[in-house]
Amino acid sequence: MAFPLLTVTAAVPAVGAIATAAVPAGRRTAAKWLALGFSLATLVFAGLDAARFTPGGARYQLTESHAWIADFGVRYQLGVDGIAVVLVLLAAVLVPFVMLAGWHDADVLDGHAPSRNWRPTQGFFALILLVEAMVVISFEATDVFLFYIFFEAMLVPMYFLIGGFGDRAGPKGEGEQAKQRSYAAVKFLLYNLAGGLIMLAAVIGLYAVTAHQLGGHGTFSLPQILQARASGQLRLSSTAERWIFLGFFFAFAVKAPLWPLHTWLPNAMGEATAPVAVLLTAVVDKVGTFAMLRYCLQLFPEASKWAAPVILVLSVIGIIYGALLAVGQRDIKRLIAYASISHFGFIILGIFAMTSQGQGGAALYMVNHGVSTAAWLLVAGFLITRRGSRLIADFGGVQKVAPLLAGTFLVGGLATLSLPGLAPFVSEFLVLVGTFSRYPAAGVIATLAIVLAALYVLVLYQRTMTGPVKAGNEGIRDLRARELVVVAPLIALLIFLGVYPKPVTDMINPAVKDTLSDVHRTDPAPQTNASLTAAAKESAK
Amino acid sequence: MNPINYLYLSALLFTIGGAGVLFRRNAIIVFMCVELMLNACNLAFVTFARLHGNLDGQIFAFFTMVVAAAEVVVGLAIIVTFFRSRHSASVDDASLMKL
Amino acid sequence: MTTSTGEAVEFWLLATVAVLGALGTVAMRKAVHSALSLAGTMIVLAVFYLANGAYFLGVVQIVVYTGAIMMLFLFVVMVVGITAADSLRETIRGQRWLAALVGLGFGVLLIAGLGNASVHAFTGLGQANSGGNVEGLAKLIFTTYVWAFEITGALLITAAVGAMVLTHRERTERAATQRELAERRVREGAQVPPLPAPGVYARHNAVDIPGLLPDGTPAELSVNKTLRSRGQIRDVSGEALEDLKALEQRAEDHAEGKGTEGAANSGAGSGGRGAPSGGTGAEPPNNSATPANGAAR
Amino acid sequence: MDHLIGALVGAPLLGAGVLLAGGRRLDRAGHWIGCLLAAVSFALGAALFADMLGKPTGQRTLTSHLFSWVPVGGFRADVAFQLDQLSMTFVLLITGVGTLIHIYSVGYMAHDENRRRFFGYLNLFLAAMLLLVLANNYLLLYAGWEGVGLASYLLIGFWQHKPSAATAAKKAFIVNRVGDMGLSIAIMVLFTTFGTFSFAPVFAHATSASQAKLTVVGLLLLLGACGKSAQVPLQSWLGDAMEGPTPVSALIHAATMVTAGVYLVTRSGVIFNAAPTAQLAVCVVGAVTLMFGAIVGCAKDDIKKALAGSTMSQIGYMMLAAGLGPIGYVFAIMHLVTHGFFKAGLFLGAGSVMHGMNDEVDMRKYGGLRGYMPITYVTFGLGYLAIIGFPGLSGFWSKDKIIEAAFAKGGTEGWILGGVALLGAGITAYYMTRVMVMTFFGERRWQPAPEPDTAPSVEPGIEVHPGDLPHPHESPKVMTIPMIVLAVGSVFAGGLFSINSAFVKWLQPVTGHSEGHSPVTTGEVTAATLVVLAVGVALAWAQYGRAPVPVTAPRGSLLTRAARRDLLQDDFNHVVLVRGGEHLTRSLVYLDHSLVDGAVNGTAASVGGLSARLRQVQNGYVRSYAVSMLGGTAVLVAATLLMRAV
């Protein structure tokens, strides 16, 4: 049996979480370094995954499969396709930065110790590692049930991260702050749980259907189901398929989040500390969109096609709506949250446009949005912790006192408004083109968002960074070394992916092709076919 | 005569017992009604045994009786203790489950 | 194997009895009566067992149930006698209707279920009981069901111990001595002298007839507590009161009200319960009704 | 040879990277690095030019494919360059003028603490602009397009401590974004139509696409062009863009970036030729902007804003020409180049004047400067003559051609467009004379320097003591030399190009060229132009040269006041777009909280209430529990019976 690379990749952070949690109280620096070390180790393994993955090879690679709950055909079954491996890498890359950015976030709590083994720092980092482990394994799982378990379990550590280590820079007093925080955390939990429960029903339904059709022993194994459907063994009635699809999609739409199921995100991101918010949007929420691509489309192609128009409308609404609300926000982090909602709209749009550009763009967008949000939001976090407030109105002229911070903030913002040369542009344009080629109207309306994006990003920059230095901002220090270590690589990554995304797209494209063939969709051919050959020739040379 | 009548009878007794449990407040009488229901079941068991021509039904009835005996012992003991503490045998006085 | 007419007759007769008994169990106001009617039903059932070829069970039914269990019930009724009779007034809102509905529905369902079952004839226990019913049962119990049998054994033991534990009361403090009891009584000022004996100043001296106070009203304390709470006090003081009234009447004819005052006062003093004579004289039915009220309480 | 193309873009990009990432340690040498790399790329451009001249007209087009950018399915965007005569013209203009302005800036920004960053941005701009003109496909062009937008944003807002500057920068970027939206949608349409958006195959099969599609593409491209080239209705940002340092205004908002729209239209000539409707739209936009800019230019007292108006109007000329199709493309580009020279020169001159006048920008507070800064006076004057189209100077050659071409379009359109162009020439003469006179002639109207806090634009570093009169002085050599060079260019370029119509021959292979059949002869057009010109100059002289200029602007006619406010166009934007937008977003924020979120919270509340009511069932009475138990059993029995029945 080959070395279980995927299992190890997921196990390293899990072990790290336990180890970190076990660090005795009062040794918090040790805990931090330990956690960081584990996250870096995870990064190494994720890199190995990517290296061992051969694009265009078998659909699921590095597979592992062991019987788990035999009676229900639940298997511990892992395997990655191009998209999964890229996303695992994304998670592994971002988490160390999240940790570095949140290096001192838990120290505040360390102050007043109610009990002798009060270890907030250990808890904070352990929870982050735990989330990473769960995210990684839910990217790797090819067994629906296995996926479901971690998809849900993820909520618990996130809940504590949001509710327990929340932002203390809120507009209101500490008491009110705490209330807000727990409200946000509970809201986050309830929304996602609701989605998860509906999904659970759908999962059971899927099992029932498979059990009914595959002669008694049902299965959750994705490859097996795909294979069975391909061989015509498994034939879902369109009603059943649609209902189960809706069950799955609802959960993912909440997680993603898709309009109008988005309202938990601004609260959660507003109340959580910037690093946790990054962990939430850049890493955890990707599971939702990823699952749409892997489970909804691959398991229920017909239903996906049936639902696509509605979902497209919702995502277009989400894109514009999110952007408009971002313009209207007075709180930096809420603004970024709404921007993210707009971007998630793009991702979902691309997925359900069902063109290779759209889905390729969407998959790429998951990565790019992760990196760009991380860059932007973390810098915003530094800014907020310095000023002790997250109200835009409290800032002004920061550029004068902290030029480096302002510059990096601007770069993050420019990435968010998808400026060419920075990563998100490529993916956003792909999504738009992909959508436009099948649904021109949706494409055009979605394009409006690039103007709105410019609006909210630049307005935010202008209000906070430019103009005369506002009272209370004189003391804002420029980025420290640790923070530069966080920001610089992210920005480098943004530029690299913006200029040369080929390595990623090469990973993604085969997976997208497979998915499209599952859905039996091909890209709409251009009107003038003669040009295709010419185009090929031209681009060949 | 159709053997089903025995079953009808047991059903009837069972129902009456059930109704008694619901209507009466005196723990002892409630208990008796439970006994009545058990007996109704026993009758059904015995009848089935005869219907199918094997003794398993009777065995069941037998076990039921044993269990019933045990239950009565414990149950009555409980009633007595309850009465000692509350000077009442009304099940409605034992409404602490609400809290 | 079809059933004989005899059995049919027997069934119809006894079934009626059984149902009546069951209804009695539910409907009787007093626990004792419920217990008795239940016993009746059980005996009938025993007969049915026998008729159905379950000889062993039939006997067991009589011995264990009617013999042991029901007696146990009666004992408890005796111990808990005080509230053994409870009013049938419903206290939980809607309980009665709901119960009636559910019970009825359940019964109907059962009957209906049986109704569409197709049962025509008994297979009969001919060869099952060929080796004798008891032996047959024994074979099954000690072979097929031996495990369950052992378990029930354990269950019974547990039940016995459990009952003991529940009912056994650990005496935490030293038992009070005569002296202490007396002192307490004095301190509480409750009935310092011994309780009045029943039947005093009465025609009868049965235990269930209260003694009469000088003013002719019955002294409840003179009757056993249990009888009192069961409302089983027979009251015969009616005519005594009549005499008293006549006597007072005559006294008034002779002298002014003073004399009667004094008589009333002296009566009050001896009886320890003051009652304005006019009042008592005025409404005798009220007084005679009190025991009933007390019982109802 | 064609690998040099990459280097052409790479040099300034490298400069930008080094300067921006280099940090303070480069502060001393930073500006020279910037100039050097700009010059390098100019040298490369020149080398390529020489090489190109060496080749026969047929294979003058160079292509170099660097790497595949975004390959997804049929979607192939490559980082590949295509250098033909058109691109070459732009490369030379951009790098040439760019280098000069770099050098100029060394002097102009001498006292600015952030000079390094300034040069970084300038280099960034060069790189992006070169990318724009060298791209061989629309997506890469779009990248350059947005790149110059970014550079312009950064440079307009270079003095971020001034709220006005920051606002102007933001406005410029966002208005441009509107145009970019058009461009990007155009690219999508192209992709869906042709399956590619590289120039060569698209143009090869342009004719095979439906008329409607091409018209749509054309109009969308025009929208993009309007944004970048400040054409009506997206012109509003250019005036405010003057908040940026003057070299920026010269390079980006006069010479190069704003002409990108013209490049786009010319580059997509094939598409426009096949879509007459779109072409006409281009003409109309050009004509309208021409007048618009000219009128605004007449009313502004801020010298830079006046020049900005003129820029707008000149680009209107180019657009008009480009809209004329093969008749006009060449002249559009030609005017673009000459305009690049003289307008850059004029801006640098203006910068030099402001430099000497404590950054006073109000022309009403100038006057009689010709004695104090002779070089500036001469160079500015030459630029002035060139722009108004004084016979023999650059403007004369290029602008007359455009007017002629406009007539040559034929039909009533021809007459109308031609008339507008002609009138425009007159107004140009008027407002430029006005600027010239108010600045350099007449009596001195200098004002004591205002309090620093109320200063319109206080460059950091220049110490200005409140209250003392400005003492105008000639700028240092590093500033004057570029001005001289540009002046020379603006004098001779036009003539040079027109020697046996060399420029036409040069560009023809790319853009194609056709002499329309003009209803009027060249002679007539020239004559008419000269007349109009003379009138314009005379009017301006009469108004500002003879009569003294009031220091505070007179109330002026309704039109004047409107023109001072950019013909109320900003007010319109503010009322309709900004206010409307604010209301929209505010109401949406409210709705999101009350409606979307409220719905969820409402459900939560109702569930809570329901459970509170259900709680009553748990009354703790054994018997009622028993009832429910029996009820449940009854239900079960019923269920089983039903199952059996079914």
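Letters A, B, C and D name the chains as they come in the text, with residue numbers starting at 1 for each one.
Convention: a contact is a pair of C-beta atoms (placed from the backbone, for glycine too) under 8 Å apart; a residue touches a chain by one contact, two chains touch by 3 or more.
Remember, predicted model here, so these are calculated numbers, not experimental data.
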Comparison of C-D and B-C by number of C-beta pairs in contact, larger one: B-C
Most distant chain from chain C, judged by the mean position of its C-alpha atoms: D
Centre distance in Å when chain A and chain C are each reduced to the mean of their C-alpha atoms: 74
Mean-CA-position distance for chain B and chain A (Å): 61
Chain C-chain D separation of Cα centroids, rounded to whole Å: 105
Whole-Å gap separating chain B and chain C, where each centre is the average of the chain's CA atoms: 19
Chain C residues counted as touching two or more neighbouring chains: 92, 95, 99, 102-103, 106, 110
For chain B, residues contacting two or more additional chains: 18, 22, 25, 92
All chain pairs that touch each other: A-D, B-C, B-D, C-D
Residues of chain D that touch chain C when the two form their complex: 619, 621, 623-624, 627, 630-631, 633-634, 637-638, 640-641, 644-645
Chain B-facing residues of chain C, complex: 2-3, 5, 7-8, 11, 15, 18-19, 22-23, 25-26, 28, 31, 34-35, 38, 41-42, 45, 48-49, 52-54, 56-57, 60-61, 64-65, 68-69, 72-73, 76-77, 79-80, 82-84, 86, 88, 91-92, 95-96, 99-100, 102-104, 106-107, 110-111, 114, 117, 119-129, 133, 136-137, 140-141, 144-145, 148, 152, 155-156, 158-160, 162-164, 166-167, 169
Touch list for chain C against partner chain D, complex: 92, 95, 98-99, 102-103, 105-106, 109-110, 112-113, 116
List of chain B residues in touch with chain C within their complex: 1-9, 11-20, 22-26, 28-29, 31-33, 35-36, 39, 42-43, 46-47, 49-56, 58-59, 61-63, 65-74, 76-81, 83-84, 87-90, 92
For the chain B and chain D complex, residues of the former touching the latter: 18, 21-22, 25, 30, 91-92, 94-99
